[in-house]
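When the chains are written out, they are named A, B, C and D in that same order, and each has its own residue count from 1.
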């Protein structure tokens, strides 16, 4: 593998290639050019994915670019962790870029040029976030990422909702960045410079390292969308064009996870189990919150956004468990947790990317994001329906697809609890696993709702069906290619987990110096064994083969022994002859049992029609409690402070002169 | 010998479960009829029903998609897979490492998701209603089920059913208070998952109460037959999981031909008792209102958690 | 000789434009004179960098890397602002807000203002520096009230009174400085030469110097816009013509801060402790925090960016107050990027206000639709000024913050909270102006937005790459004042 | 002349300066205010001339002459004409009542003296007390600017402050370099000129020179 060029140079070259593609896009504002550039971008993504995968198996490489601050040129480093995330970035973005090449077919040339620029700058900045090896470059790339994605979010800036979504997004991102900056400052502690090497070497007292941990956790958490800093996420993701939503949800949130792992495990080091408990608590809250609110949504992209919140929670659960184990001195179990978290990171990137792309295709052909107006799309767009089904099954953590593997690994981590010494921690871990189980089942429910309502059944609104027919049915060729790529990713990651497990094990070793047990590493490609074969194993291939062959067998047996006559008829009307498509379950109706069971979680405003209403109307509004608890109070506090400070300036010149006078006197007194 | 014998055992068990499952359903129905002072149908009635259904013409709604056609096969396949994994007759079967208890729960979830999707496919209001209720019960039952299984997993230090059964069956007799809680929880989950009273009534088609029947309302003929059969296998699998976890004695090892008759006999006895118990429960209790189901299942969940905590406390 | 040219070009420009400032070609003449000044400043810079500090006219003028850097910046921004004001003032005249006499006043005073700025920077005599500073007030005060509206008169009046009173305090500070210097250097013209004072700074009487510094800080600090002496600043920025706001924000504040820093160097030498630094840090921090909270209440676009200037001057004052090579470097860099960015913002703001006919932010909407360059300029400029990477403002803020974390950890949370609040405030107001449905109309003259993008490009470059000669230059300057 | 005598003479003039400052602080009528300002200028010029004589610095004579020209003659005359033209012969209103203002003024004097005490020993023998007095009169003028409500008295307060500064420059330090003094004088002249322009503009816009009309620009 020792080519003449180091891998890192190639990666940087590919990332710069993205930048160049973006700039070219602005220079040639034509639709055809933009399509070509998106495809080029996809190639770049593939290249980066391959290089990243190779980098996992190589020693770390470094590179210094003569840019940046006078004492702190841009340091770049490509180690296994960075390699893994580059693979994620490249692999997922490749599919999304291909999709994007087809998706933006209705944009005007000028706007498309801008989108092309912002999109590729976004990609490149994410690559540099992952490659950065000093605080300055990291912050620059981090904020560039926020900025470029912000502009993408407000592509449709004429809608006020999109603008406020963009504002909220960039604001929270910026506050998170401030927290991260402060974290770097704390870590530095006044020694040395701001290269990651120096930060890694700095030794902190336990108090300060806990402060640094908290700052990093909340700083990155703001970007990842964990509660209570998630508020931007369900607003921003629906606002963005679908490929961008896919990229943000699929990849950008993952850079936050990367940041957490990098800073907490690698730079701060000395992970403590108390941190892990904190992460677990927030993670469990995020998981449940995300899925419960997702169930209440009828806007498809908003629903998916809430699922991103949920999945970030699942990743945090894995990370938290890993911190608990590492902090208690159980390296192997800790490595398993980290691997589970990273595995889920990759999985989520793939299936959430796929689902957002699917949502984009639906939006394109029906012009709808509201589930309550959809129905029966499987007939008009069978291919999209198939890919979406793959994504839905994957996110519902159903075997043998990829979502199941990572949740399975997380469960296995939780099941390592008996090795812990601390009784309360030991009994809490399985409870967090139960949260995960609950969330998994709720996710399944949610995606039954999504799929059942959007794709199955009959069209709920005739005019939307007409729109779909006019739009030419299924997604275009490039779009389907993009979705197929990600759907294939779901299957491959689900079916061949061992390869990735070994890759991740190497990442874990390079970061925490702890890896899986030998028994786990000796397993062959067929059997996924996290600890020891007697404890647990899983073989998705066998699973798939068995289920497939059994199903086929049944099918052929039935075919063989059965006449195969089929009659078609209307569905049974239950004796009620005037059934219309509008009598099908709506998205809101589907969530009704959940509202009933988890009522206190939601802030509901409901209007029920009375028995004698002339025009019966049902309306339901669900608000996020965090707004009342956190965001509005903070906003009010700032408003209050500024109203008090405004009293300083009441327009009277005498008062102004008095300020000067008093300042002078005060300083003179101070001097004396 | 062992490899071929083990595979033979595997095939034998799989076929056995598929064949014997309707029998269990018939037995439960028979017991219930006795308990309710009705004249009991034949224990073989489920087989007759299946045969009858297989001979009918299938009626399918105009707007049903391919998913609707496929679902019965997928359901049947999932259940067959489950039947192959659970140590019914023997432990150490070659397929069992392919899926542990968590994956087993995953298989049931997969089946549930597909049946719910199929229910929504025709676009009738009943289908949606059934799917919604089914998923409600499912999301409540699944964590409880997992917690139950986790308790067993913690006791045996493994999530492989084979290992669990081996550990529990071959240890010296010791009372695990944790396991008792878990058993109670498991029983409640079993009732919920298999559409039994007090959560659902398999014998009703009353729209206010039905859950599972609402979902399969549009199915007929061979599709319905497959679904019914799959349901029977599911009940069978659940019963055998319970037996494996809580009453594992008498099970054979893979390839151990001499122990097989005993294992079959033991299994039949246990199943007969279990089926009678199930019928008893269904007779003694009334169906709960749908919105009491969450309470029922959350108590199951709490019991399972209690079992796990008890295990942690008593172990030290 | 470049020095003479640097000073004489704007002076001649002032006289010429006093005669011909109302003619059709006046805006071009204005720009040409500014270009000449800039060229001379560039030559001077090259010379100083090549040969080191120089003095001229019996040491009445003195150029080292610190002030030559500001001379170059001042001349550059003055030049680009003159370019911007060319169409801007034409449009204003077209809209009937100005008559030829006022145009003449404007052009002539613009050059005079440039002259006083440069004189203030180049003068070695602390007294002359004071005179030039006062001259800067005098030359701009009539520009602030150029429109003769009640609001502009009020603003100008406040500007005049507050700055004059402030600068009077500074004069007392200068007198005290002379009082102390006289004891060491003897009476006469040379005792107020900064270079000589610098040489004997350790021998100056500390008590007098600390008193002197208080007066100088309050005096010049009024012009810097330090809270609570800042009250003139938002009014003057909001009510004056936009080119004047741009140069006030971009240049005058810098020059005033320059004077403070020059005094600080002397006082530090005399006192041997960081008394002045502590004062400056206190004022800087207060300015940053208070200005940030003011930002969210603004309705007038120029007023808001005026508060933002206060905030940034606070950051610079804080940085110079901390002292040390890195902080001084960061302060200088921040001066550069702030001047460039803020003037660029004012350019776009000016055109935006002209297009919509109002400075009320609630009435400015959707600039990006009617005039994408104005919209993008405003959006990018605002994000740059808010310290978003990869723009240079972030670079200097990063250095200030990291140094502060190192040396004064207690201060960083305040700074960061203020930055966060400022972000929410400015960004929340700018976004609806830039995006969304539009309310603008077309302008009678095409706007000159080249300066905007030149400025922003430089700021962007400084965020990613600072050329080595610039680093060396800043380092020299930082060594002088650190 | 005897050094001590000169010292006493300068101190006397300093005392007069301070006294006039107080008188201005308490004065209600604008015309009297202008007269007082002229007298203050005269005292300033006298003290400058004495210092010039003692130290033999010719440029201080020049400075004294300039002071007489500007502050005793030109500016008072201009102000007179201005208020004639603008019809603003009203009495002066203050924000705080006059006794309170005086009390604050006395406090300021004590404060200024206390501040100047440690450094006055550095001054030349005969100008020992002048620095404190100069500072006191600056602060009192400042106070006057704060408490006055109309534009003209505010400007007079500002000019009185300049007087105090000049006094500090000439008496306490034997005068600043000539260039500086010329520059300062020019600034004062131009400043007064601009003030004059402003009076007209303000009057035109607001029909009054009451600065209460100029409180529109503020934060809500």
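Quick note on the criterion: a residue touches a chain if its C-beta (ideal position, glycine included) is under 8 Å from a C-beta of that chain, and two chains touch if they have at least 3 such contacts.
Keep in mind that this is a model prediction, so the values were computed, not measured.
Visitor: Measuring between mean CA coordinates, which chain is farthest from chain B?
Guide: D
Visitor: Taking each chain's centre as its mean C-alpha position, how far apart are chain A and chain D in Å?
Guide: 70
Visitor: Using CA atom averages as chain centres, what separation in Å is found between chain B and chain D?
Guide: 101
Visitor: What whole-number Å value describes the gap between the mean CA coordinates of chain C and chain D?
Guide: The computed centroid separation for chain C versus chain D comes out at 31 Å.
Visitor: Report the inter-centroid distance (CA atoms only) between chain B and chain C in whole Å.
Guide: From the centre of chain B to the centre of chain C is 78 Å.
Visitor: Would you pick out the residues of chain C that each touch at least 2 other chains?
Guide: Answer for chain C, listing residues that touch two or more other chains: 157-158, 161, 165, 211, 234, 294, 297.
Visitor: Would you give the residues of chain A that are in contact with at least 2 other chains, written as numbers and ranges?
Guide: Where chain A meets two or more other chains at a single residue, that happens at 646, 648-649, 653, 657, 660, 664, 668.
Visitor: Multi-chain contacts in chain D: which residues touch at least two other chains?
Guide: 115, 142, 145, 154, 211, 214-217, 219-220
Visitor: Using the contact rule from the top, write out all pairs of chains that touch.
Guide: The list of touching pairs comes to A-B, A-C, A-D, C-D.
Visitor: Along chain A, where are the residues that touch chain D in the complex?
Guide: 646-654, 657-658, 660-661, 664-665, 668, 672
Visitor: Can you tell me which positions in chain B touch chain A when the two form their complex?
Guide: Going through chain B, the ones touching chain A are 54, 57-63, 65, 67, 73-74, 76-78, 80-81, 84, 95, 97-100, 102-103, 106-107, 109-110, 112-113, 116-117, 119-129, 131-133, 135-136, 138-143, 146-147, 150, 153-154, 157-160, 163, 207, 217-218, 222, 226, 290-291, 294, 301, 305, 308-309, 312-313, 315-316.
Visitor: For the complex, give me every residue of chain D touching chain A.
Guide: Residues 95, 111, 114-115, 139, 142-143, 145-149, 154, 211, 214-220 of chain D touch chain A in their complex.
Visitor: Could you please specify the touching residues of chain A with respect to chain C in the complex?
Guide: 66-71, 135-136, 139-144, 146-147, 154, 157-158, 160, 163, 166-167, 170-171, 174-175, 178, 181-182, 184-186, 188, 190, 194, 638-639, 641-643, 645-646, 648-649, 653, 656-657, 659-660, 663-664, 667-668, 671
Visitor: Which part of chain C faces chain A closely enough to touch in the complex?
Guide: Result: residues 157-158, 161-162, 165-166, 169, 210-211, 214-215, 217-218, 222, 227-229, 231-232, 234, 279, 290, 293-297, 326, 329, 366, 368, 383, 386, 388-390, 394-395, 398-399, 401-402, 405-407, 409, 412-413, 416, 419-421, 423-424, 427-428, 431-432, 435-437, 463-466, 471, 474-475 of chain C touch chain A.
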